[in-house]
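The two complexes that follow have subunit A in common; it is paired with subunit B in the first and with subunit C in the second.
Our next item is the complex of A and B:
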């Protein structure tokens, strides 16, 4: 067995047997070889379900929202991006630090499960890393109570904005046509919102049709309104886990819009990476006297 | 049967497109779905014949958003106006796999129920010729055979033409008058032959549904839901890509003095789905919602219409973001 999976199982057993935690959230093998899916175990006997492989991309931190009112601690495994997502939820005052036990796992990068779904298992090695993982700068958990294995060298030191720059190089008409085509495909299933650790509003305006902000009519214009509002609302808080894009059934390049915001925020307010710590205020969540204000 | 060489696919579609609006499964902007053939040509999209599309053909009969009527409120007077039909021509959809044909049969039960025939749905059904394709090369996510779908013969309450994949050729057999007319339109491209129904490759996923509705009727309070609900993130992917999920919401879209009454897809996974006036939600959490989804598919619908509301198309197995797996659920329920 994979030594990391073995250690995950050992730790889960230990924590559940000692009663330090009431549940452990990790990954189990899914239906197909290219799926590893979240699982919650509550007894040491179930620990052998836990796995670690190149498809453990589901970000587990958001599941803590489901248990925030429970008594007792829940343990979760965190890769670099899960840890940033955990900080996101802490900084947004959604969860309490002492109610979670974080087991960090330095992440070698996850494979693109959508690409994998197109080939046979025998071609597994040819499946590329997920796009966000290819330029990951924080593969090592930034917060944890216990670490499995040793830290890995990040694949990149600077953010990769090459795709954003390609977008910026388009004429406004080309760019508009590009997003029109993408947002026409949106079926408004809200998987991107629900998978996102930064989307943690108790009442989302998109789940409240009587608010009048948006109707349930699914058309390019209202889909764009949804997409732009979502991206704007997570701007400055996106932890770049790429869940939105990974879960989108329509293959909309959602991270491209998020990254455009990240690049703009870096340019306007100085370099900022969300979820690295909880003390630095988010760039759009506070003001400084020297903030740019060209529009005023 | 009329047998036509697969090389003549474009001729076939062009021939049909003269008198029908042809709808085909195609891939455009990295998404596979059923699209008008005209749009396929315009966008230079790739026609997809060897796999199930991500989005099912459900929208052809139950569009994601559909106007029911328009209204104006002027000078304290209300005027209600019928919307024009958006179907000018007869449509033909080719090819539809048997799982999706069965999906349409499920929709028929609801929208053509003799107690209430839905006019807008009926019009779309009457104006569409369904060409069913027997697929002899199932994907690893296919389990239609287990859900009672006849892999050799499509549900003939829906299919107007049965198409057989003979390898390098397609064989067309008309099953209805509408279907006969469509076959007439392409007859010149092929020749009349007697054809044996091809062998089908067995599906990897097999699941036993024998006695399942009865069993589930006693499992409303079972602990299976506590463990099964965990993964679900409450999005609408499963319902929206499903060929059978038919729940809709009716709402107003009002701008100034005018408005449209809309029927739009809804998903029982959404928190707003069951929300009552006054703020009470009888299905407050994901346990209640996941339970409703599975029981509707595997128990309630069967009790009402003697068929399952799952056709084994496998879309949710592939696309559920967190892999909430209906086959695994059935196996676990059976083992209880």
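Our next item is the complex of A and C:
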């Protein structure tokens, strides 16, 4: 077993035995070798389930929402993006800082489980890193109570918008055709919403068919309406963990839309990275008198 | 195609804030200023009320152009509503273009209660532009359904031919 997994298990055992926390959220091995799924453990005996490998990409911070009404503390393992997601939820007043015990793990980057699904386990090493991990700027947790392992050097210092710019360079008709093709594939399973740490409304407008915002027809126009609205609702709050894209069964490049908003926010209102510190107001949650003027 | 465009009367949806733009439209009417009848004015309490979903829904249901209008910065009846609107729609406009809609179809303007002539001018200009680029065929739900049916029919025909 790798030393990080060993230490994770030891810490989980120690915390659960001492009663400091009532539950620990981590990863366990999933059904397939290329899947590591979230696990919630409540007793020290279960701590052996915890693992750490190159497929621990699920963002755990969102699961803290399930423990909103829990009276005790919950321990949670955080990579760079989970820590940003934690800050994000904290800033939205969704969770309380003192009710979480964060165990930070610097992340070397996670492998793309969709690519891995196509090859045999023996070819594990040839599987590339997930797209978001390739240009990760925050592999080290930005907030934690305790750190396992040593900090790693970020793969990038500047955000990578090359895919967004490639699409921007097309004509409107080409772009429309591109997105039509993508959104025709959407089956509206809402996995992207469910996995997203920025999507934390108790009542989502898409869950309630009576809200009238979305019909039951699955057609491209409604899919596109859903996609744009989802991206707009998380604009300025996306922590770039790429969960939406990873869980998408139709392989829609959802991060492209999120990155478009991030790029525009950077260009228009100044550089902003969601979830880095909780004191900076969100870009769409405040305004400046000298914002760019395009209303004439 | 050109004959279609010549006879084409666009439908334009104008979101007008109650305190400025709606009063501006009222002034345009009182002053007997002529503007094209292609606009549908929807009064909202503040331009901040205009949820981006309203704009998307309008395009889905067959509107050819959308105008979001409100008080000039500093004049908002609710102090800050239009500043939030400004941020939101700077982003929304770019996102709509990123999704492939024509940039002319979505516009934003500040029109105060005393700017009746500006209201006339904005509506006339917008109608002219949208008339020139023709009906909106993007994002419309009826058209995407039609396209899906057409594709299904084509596939069935292909299957029969085989």
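Points to keep in mind about this one:
To be clear about the criterion, the second predicted complex is superposed on the first by the 295 of 296 C-alpha atoms of A that agree within 3 Å, B and C clash if a C-alpha of one lies under 4 Å from a C-alpha of the other, contacts with A are read in each partner's own complex, and residues count from 1 in each chain.
We adopt the following convention: contacts are C-beta pairs under 8 Å (C-beta built on N, C-alpha and C of every residue); 3 or more make two chains touch, one makes a residue touch a chain.
Because the structure is a prediction, the values reported are computed rather than measured.
Legend: residue contacts after superposition of the two complexes on their common chain; A:134 is shown touching neither subunit B nor subunit C.
In the superposed model, A:126 lies in contact with neither subunit B nor subunit C. Of the two partner chains placed by superposition, only subunit C is touched by A:283; subunit B is not. In the superposed model, A:176 lies in contact with subunit C only, and not with subunit B.
When the two structures are aligned on the shared chain, A:219 is found in touch with subunit B and with subunit C. Contacts of A:43 after superposition on the shared chain: neither subunit B nor subunit C is touched.
Comparing the two interfaces of subunit A, the one with subunit B and the one with subunit C have residues 217, 219 in common. Partner subunit B is touched in their complex by these residues of subunit A: 30-32, 35, 37-40, 58, 62-63, 66, 117, 181-182, 184-185, 187-191, 193-195, 207-209, 215-219, 246-247, 249-251. Taken together, the subunit B residues at the contact with subunit A in this complex read 29-31, 54-55, 64-65, 140-141, 227, 230-231, 233-237, 239-241, 249, 251, 253, 262, 264-267, 270-272, 286, 317-319, 321-323, 325, 327-328. Of all the residues in subunit A, the ones that touch subunit C in their complex are 164, 167-168, 172-180, 205, 213, 217, 219-222, 224-225, 228-229, 231-232, 235, 257, 260-261, 264-265, 268-269, 283-284, 287-289, 291-296.
Across the complex, subunit C meets subunit A through its residues 52-53, 56-57, 60, 70, 73-74, 80, 83-84, 86-103, 108-110, 138-141, 143-145, 147-148.
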